[in-house]
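Okay, so chain A shows up in both of these, paired with chain B first and chain C after.
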Partner chain A sequence: MKVQGEIVVEASQEEVWNALNDPEVLKKATPGCKVLTETEPDSYKADIVIGIAAVRGEYEAEIKIYDKLGPNKYCLAMKADSNMGFLEGNAVVELDYSHPKTTISYEGEAQVGGKIAGVGQRILSGIAKMIVKDFFKKIAKETKARTAM
Partner chain B sequence: MTIGTSVKRIEDPRLITGKGRYVGDIKLTDQCEAVIVRSPHAHANILRIDTEKAKQLPDVLMVMTGQDLPEDLSPIPMRLAPNEALTKALQFPLAKDKVRYVGEPVVLIVAKSRYKAEDAADLINVIYEPLTPITDVHTAIKSDTIVLHPEIGSNDLFLIHSKKGSVDEELKKCRYILEEDLYVQRHSGIPLETRGLLAVVEENKRLTVYGPTKVVHFNHQILATLLKKDSQDIRCIETDVGGGFGPRGEFYPEDYLIPYAALQLGRPVKWIEDRLEHMVATNHSREQKHHVVVGFDESGRIHALRDEIFVDTGAYIRTHGVTVPVLTQGMFPGPYDFHALEFITHVVATNKTPTGTYRGPGRFEGTFVRERIIDMVAKKLNLDPTVVRERNLIKPEQMPYSNGISALGQVVEYDSGDYPQILDIARSAMDWNHFAKRKALAAAEGKIIGLGFAMFVEKSGLGPWEFCEVEILENGELSCKTGLADVGQGVKTALAQICSDQLGIPYSNVTVIHGDTDVVEKGNGSFATRGTVVGGSAAWYASEALKKKLLQVAGDLMHLPDEDLDIKNQFIIQISSQQKLCPLDLIITECRKQGVELREKYTFSIDHMSYPYGIHAAEVAIDSETGKVKIEKYYIAYDIGRAINPLLVHGQLVGGMAQGLGGALFEELRYDESGQLITGSFMDYLIPSSMEVPEIEIEILENSPSPLNPLGVKGAGEGGTVAVAPAIANAIINALDKYQINITSLPIRPEVIRDAIIKGPVTNEEEQK
Partner chain C sequence: MKYIGKAMKRKIDPRLIKGDGRYIADLNIPGTLSAAFLRSPHAHARIQDIDLEQARKLSGVIAVFGPDDGQEFDSLPALFPHPKLVPVTQRPLDSVVHHVGEPVAMVIALNRYIAEDAIDLINVVYDPLPAVAHLDHAIQSDAPLAHQHLESNVAAHFQQSVGDAQAAMKEAPVVVHHRFKIGRVSCLPIETRGLLAKWDFNGPEPSLEVYAATQSQHEMRSILAKLLKVSENNIRVIAPDVGGAFGAKAIFYVEDFLVTWAARKVNAPVRWIEDRLEHMMSCIHEREQYHEASLGVTNEGKILAVMDTMLANNGAYVPWGIIVPIMTSTLIPGPYKVPNYFCDAKVIYTNTVPLAPFRGAGRPQAALILNRLLDQAAEKLGMDPVEIRRRNLIREDEFPYRTGLLSRDGKPQIYDSGNYGKVLSEAVEISGYSEWRQCQQEYRKQGRYIGIGVASAIENTGFGSFEGATVRVETTGEITVLTSAATQGQGHETTFAQVAAEVFDVPVENITVREGDTSLITYGTGTFASRMGVIVGTAVYKASQTVKDKALKIASEKLNIPLEVLEMKDGCVFSVEQPSRRISLGDLAHEAKGLFPGTTFPYSVEPGLEVTEYFAPEAASVTGMTDIAVVEIDPKSCAIQILDYTSVHDNGKLLNPLIVKGQVQGGISNGIGNALYEEIVYDRQGQLLTSTLMDYLVPSACEVPEMKIGHVETPSPLNPLGMKGAGESGTIPVPAVIQSAVEDALREWNIKVENIPVKPAQLRELMRQSKEFQLVEAIK
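Let's turn to the complex of A and B:
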């Protein structure tokens, strides 16, 4: 399924870029993230707990950031496994600055497998969109919080 | 006389008062439960399976992977239409080093309770290396696509080619040629009760398995072979069944795993499939692509038909072998007399759940394609589709008629039938002659209505034999042991009626016993609409033999020739004088005195199937805003030779129609490109409910009794299902004849109809193209 959207942050492009590359911010922004550790530069391992009906469960996730063109664009790949099945996704994240705001736009594909693919297919894309939107909303919030400091 | 009467089902009082005993109801002391870890990937190598954590969990009794299967274990064999070439695509009970569909069993866990087993399943870590999944038949057979069963060498596992006459020659002579691609979607029977098994090792080391259904004696033999045990050391017991429909009751991986675990652990092991499992683990069915070429003349007479069929058989060959594709071909011609026919069927492996039979296997698919084609021919020629049907029908004087194509090891030879007659009956029942007028009147009121017909021939009474043993018990009741199984079709009632008719006793005095391999010595089971035809005939002859014995004793006693004696209403009567001579009980007592054993066995063998036939008609109203199809009237006429119990036949047709309606408008086991089943729950897999199933007008006809069995019966199990999709599709096309729409695939979705209506009526110019 396709996931795309954009969100506007009242911060400079540099500030947003830094937030998007900060493990602390990523941890806070990732919904249900309990632990996030950097395994190597731009690679993270995370334990995520999702409490939404069809995808409820504990996930072990691997997140990788690649093809970085700072401060304009990066690609993000995520793989998460649980007993309910697996989630896989990748997205292109682009930043566009127009004083005094930065627009984060994201576009990607997500795929699910196992039990979670068979259950509630019609609500899955809604859930995926909600989770991703929530992630970027929190990025925006964290960026603002950091900028305010 | 009870044959031919709608007596009440003897199965019902027990079932509707909650006294049924399903496998889930059985609880044994010390019973433990099994859970199966299944593949989340459509296609992947298994790199490693970590089972240690699960094994260490308290109360976990057994954790088993494909590596732990006995080394000399054979894969699950084919029960029907076996073929040597396909043995390389059979499935092992657990995946060995590769998984080929989402839902494939990978690890078996047994624990003291289901909770514990589920917890242990969470601790299993399987490391997969995903491979490219194959989800489409055309991709599957490309030369550069990965081969799922390398020993076969191609994903085009098996080719079935049959022909009659020369299609190419006939096509050359035809003025009109029509070429069309049609698709029938993957769907399957959805029993209310999912599968379940309970296996226990008795003190004498014998293994007892509760839960096999449908083909209990067959599965008993397969289990003995796979476990390498003497079949005498295994007892299979059929429990009550919450729906069969074809998929339920075949031999699946779990049918090996659960008894195997019980033998290993020495305690009862139970497994109940949950619904999410069911959707990926139990046989799917139906998915076929057809490429049809027909040649015809201006009168609508079809001279040649070629169909190249691609069957998406899924990841493995299961117990049905190639039954479904073979039946698709053999039954494709239906009630029509086509000069030249050719079928080329590819049985193609993909990374989806393996497939098997589902009510009307091969015929649901073939009937949709054929009956749509007939309407397309009519449309092309601007002829009445019922007239095109009439012009192509086999005439009664051509019976018995062979269509030249083989199915299940025999050339299809229709035993009897008057096809033009049943078409006429349906036309007048639906008031077809005045329909155009009614349609115009409806249109004037802004209503879009349409009427469609679909004819079909069914097959029933598959041999090779069935067994029955009858015995008059001490309590005066008749015990009737049959090799059939009770899958809800009313087999007990039908057999009781047959025995009661022969022996002049009330049908309620007959106890039908089935499905216990210790009690019934042999049997072929209930499938392929064979029960009443083959099992009923066995009961008829066994009862007849018992009656002869009774009359012989009566004749001796009364010094009358036994040919002049009969039994009616529990009395011995003299046929010539129609006088009651003495109560039957008296003769039974006399038999016992003389030491005459009141027991008879009969094995009824039959080489040829019998062919019931019928017609479905649907009148629909289309909601022009939403594209929703409302069935205003639904009609089925079905000639089954002779109805033992019209009430049972009626029930079969109503239930069958509901399933056909599901296939026509709602049900689809749809996969995404990565091989994930995306309609894996009832939220997305839509089944018709009482809200969607219309009132169905049913006419049971007995104009063409089968000459192949003593009862003249043909089976009634599947005729309600097979022609629903084309009847509704043809009705929709008839309703929308001013619009640009051609229904070539199932299920028929409202958006397709809505889109056609939004585009508006076609102009005359377009119509002529």
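Let's turn to the complex of A and C:
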């Protein structure tokens, strides 16, 4: 399933870039994230609780940021497992600054398997889009909050 | 005949309707533990690591088994080998999984709740492998392999040929083509799979009793014996009440082995009941095939040649040979005379649930091909679709008819009997075909789009190898019939009683039929291929005849009356000349046991008023059918409504017309599901997207129309009662007739309907494309 979109933040490209690389911001922005720890630079482990359709699960997620071209672009890989199934995703995140705003655009593929795929497929793509959108919205909000400080 | 052919209500219904049925889940054996399975969320993966310890520690868990235990297991036996087939059968608890839903670990616990909780505590690290699910993807040269040890995804590649189709096609004045994309469906019995295994270690040898929702208790016994390395003699398989099967329960599954194996391991009875999610992702599917077919006809509409290229999805394993694509490839000519025929079939492995025979078993696909090609030819020739069919049907005087093909048993395919022309004529008559054609014109003027579809098909029923029956007269005068069949709602207890009642001339109420238990009769094959009525029915008939002869002989010697003047009626044998000189069947049963221990047996027959007979038919008896459907399509929403449905069948001599009607109606309902609603969908990576009945649409009573059902009876010469099968034929012409009717309704748009199921969304898209095309043409 394809996931793509963009969101505009009233902040400089540097500020957005820093937020996108800050574990604290990532934790706050990731929906249902209980714990997020950096295992090595740009690699994180997270415990996430999300309900999709009738299937609520606790996921152990691994998030990796790679192919960094700061402050313009990075790639994001996410893998989450639970006894309800698995989620996997890759995305390219790009920043584009046009005074005074920065546009975050993202484009990627997500693969869902197991019970979540079987039970929730009718609403899955909608939910996936919503979760990703929510993530970037929160990034935008956190960036603004930090910029305001 | 007094009992055979009589419409009688089923004896079993009052008990089942009152909820007194006894299914696997109802069995109450003290100390029974519950099994639950952890199933793979990946379509293809190697299990890198699995941690069972947390699950084992949960209170109430008795045992947890995983891939380490699986190393000692054999793969399931390959049934129905074929020279062109590279068979891969499933290995229980293998360390590589090949479809979503394949069991990875098994928990045995005090109850299912605990077992399911324990499943949640199992941690698996999968190493995902590239997976393939869709036919068009699987045949590409760079497609992932469904099985890493194979060179390609082709499980089998074979041809069927009569005459020289290619040459005849070249010469044909009219040639039409059609493509078919047939979706996959689930068998979906109301009662899911399930079994309960109980070992006895206190007898002379360990023995196993298995209660199973199965169509084939004898086959299950034989496979269990092989896998568990126990003599068949020490295994009893019992199929109690079974709530529908449709093919789902003819297969031997890894769970069947694992539950019996685990029961031995934990030394306690173990039960497993499949839930609906498990059913969708692990119980066999069927139907999925792609075809590209051509038909060449004369200007008069006579068939010259048929050519077909078939791709059949096999799923990940081969549980029942390649019976389905073989059936399709040999039955595309169906009831029509096809002098030149060629079919090239490729059966493809994918990382999906295995496909195996479901009610109809490859025949609905076959019926679709030529009927729909005939539609195209009729349109091209400006001929009525009924007329082009009539011109090509095998005539009544041409039976037995050799098609030139080989049947699935490797013997020449011969249709034993039939009257396809009469079946078609009756369907045309009963449906009011001509009136509907007029109506179609009228409706069109009002802006309503109705279409009429017609399809003729056949079914080869009553395949071997054999079945058996024991018939016994009790000392009460009641008659007991024990058969090798298993019943899942076909009404055997009534029809087989009718057969015995006919022979003995006693009321059906005096006859008890028991089946679904290997302890009742030594050998048996199973309920599939619409074969029980034909084969078990004949075995019951033959055994009853022999018992009757024996009873008459004892009566003759006891009463000192010559055999020729003896008659049997209403439970007595009497002299025709002096009806008061009589003896009851009960007394004869008593006589047959010998009067007192130590006395010399006085009769010239073997003791016991009981006989076992087996019947092995020399070939399949072939049924015929024609369906006519009228549908209306709302051109805005593309909603499809069935306005009228007619089905005329030739199921040979009917044992019980009421039961046959029920079977035909049920089969058509199944067919309507296939034709319009049901479809199992996988994504490209092999994720199952339809694992609940919210996503997998099943027709309810609202979608199933009232039907006009007619019968033509052409007795089969292959058995003494002239019977043919009736369990599956209802399903066979439905996809063809619905697709035909839908295309007819939308003739104005000039679209080709190629998919099964036919869904409003596809129609809308086809209509949109057609309009665009017409617009472009107009501009040109």
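Quick notes on this one:
The rule is simple: the second predicted complex is superposed on the first by the 146 of 149 C-alpha atoms of A that agree within 3 Å, B and C clash if a C-alpha of one lies under 4 Å from a C-alpha of the other, contacts with A are read in each partner's own complex, and residues count from 1 in each chain.
Operating definition for what follows: contacts are C-beta pairs under 8 Å (C-beta built on N, C-alpha and C of every residue); 3 or more make two chains touch, one makes a residue touch a chain.
As the structure is a prediction and not an experimental result, all values here were calculated from the model.
Once the two complexes are laid over each other on the shared chain, residue contacts for A:G113 go to chain B and to chain C alike. When the shared chain is aligned, no partner comes close enough to touch A:G5: not chain B, not chain C. With both structures placed on the common chain, the touch criterion links A:G85 to chain B and to chain C.
When the two complexes are overlaid on their common chain A, residue A:G126 makes contact with neither chain B nor chain C. Residues 83, 85-86, 111-115, 117-119, 121-122 of chain A are contacted both by chain B in one complex and by chain C in the other. Within the complex formed with chain A, the chain C residues making contact are 41-43, 100, 119-120, 122, 277, 280-281, 683, 685, 687-692, 694-695. Interface residues of chain A, counted against chain C in their complex, comprise 83, 85-86, 111-115, 117-119, 121-122.
Listed in rising order, the residues of chain B touching chain A in the complex are 40-42, 102, 121-122, 276, 279-280, 672, 674, 676-681, 683-684. Interface of chain A with chain B (complex): residues 83, 85-86, 111-115, 117-122.
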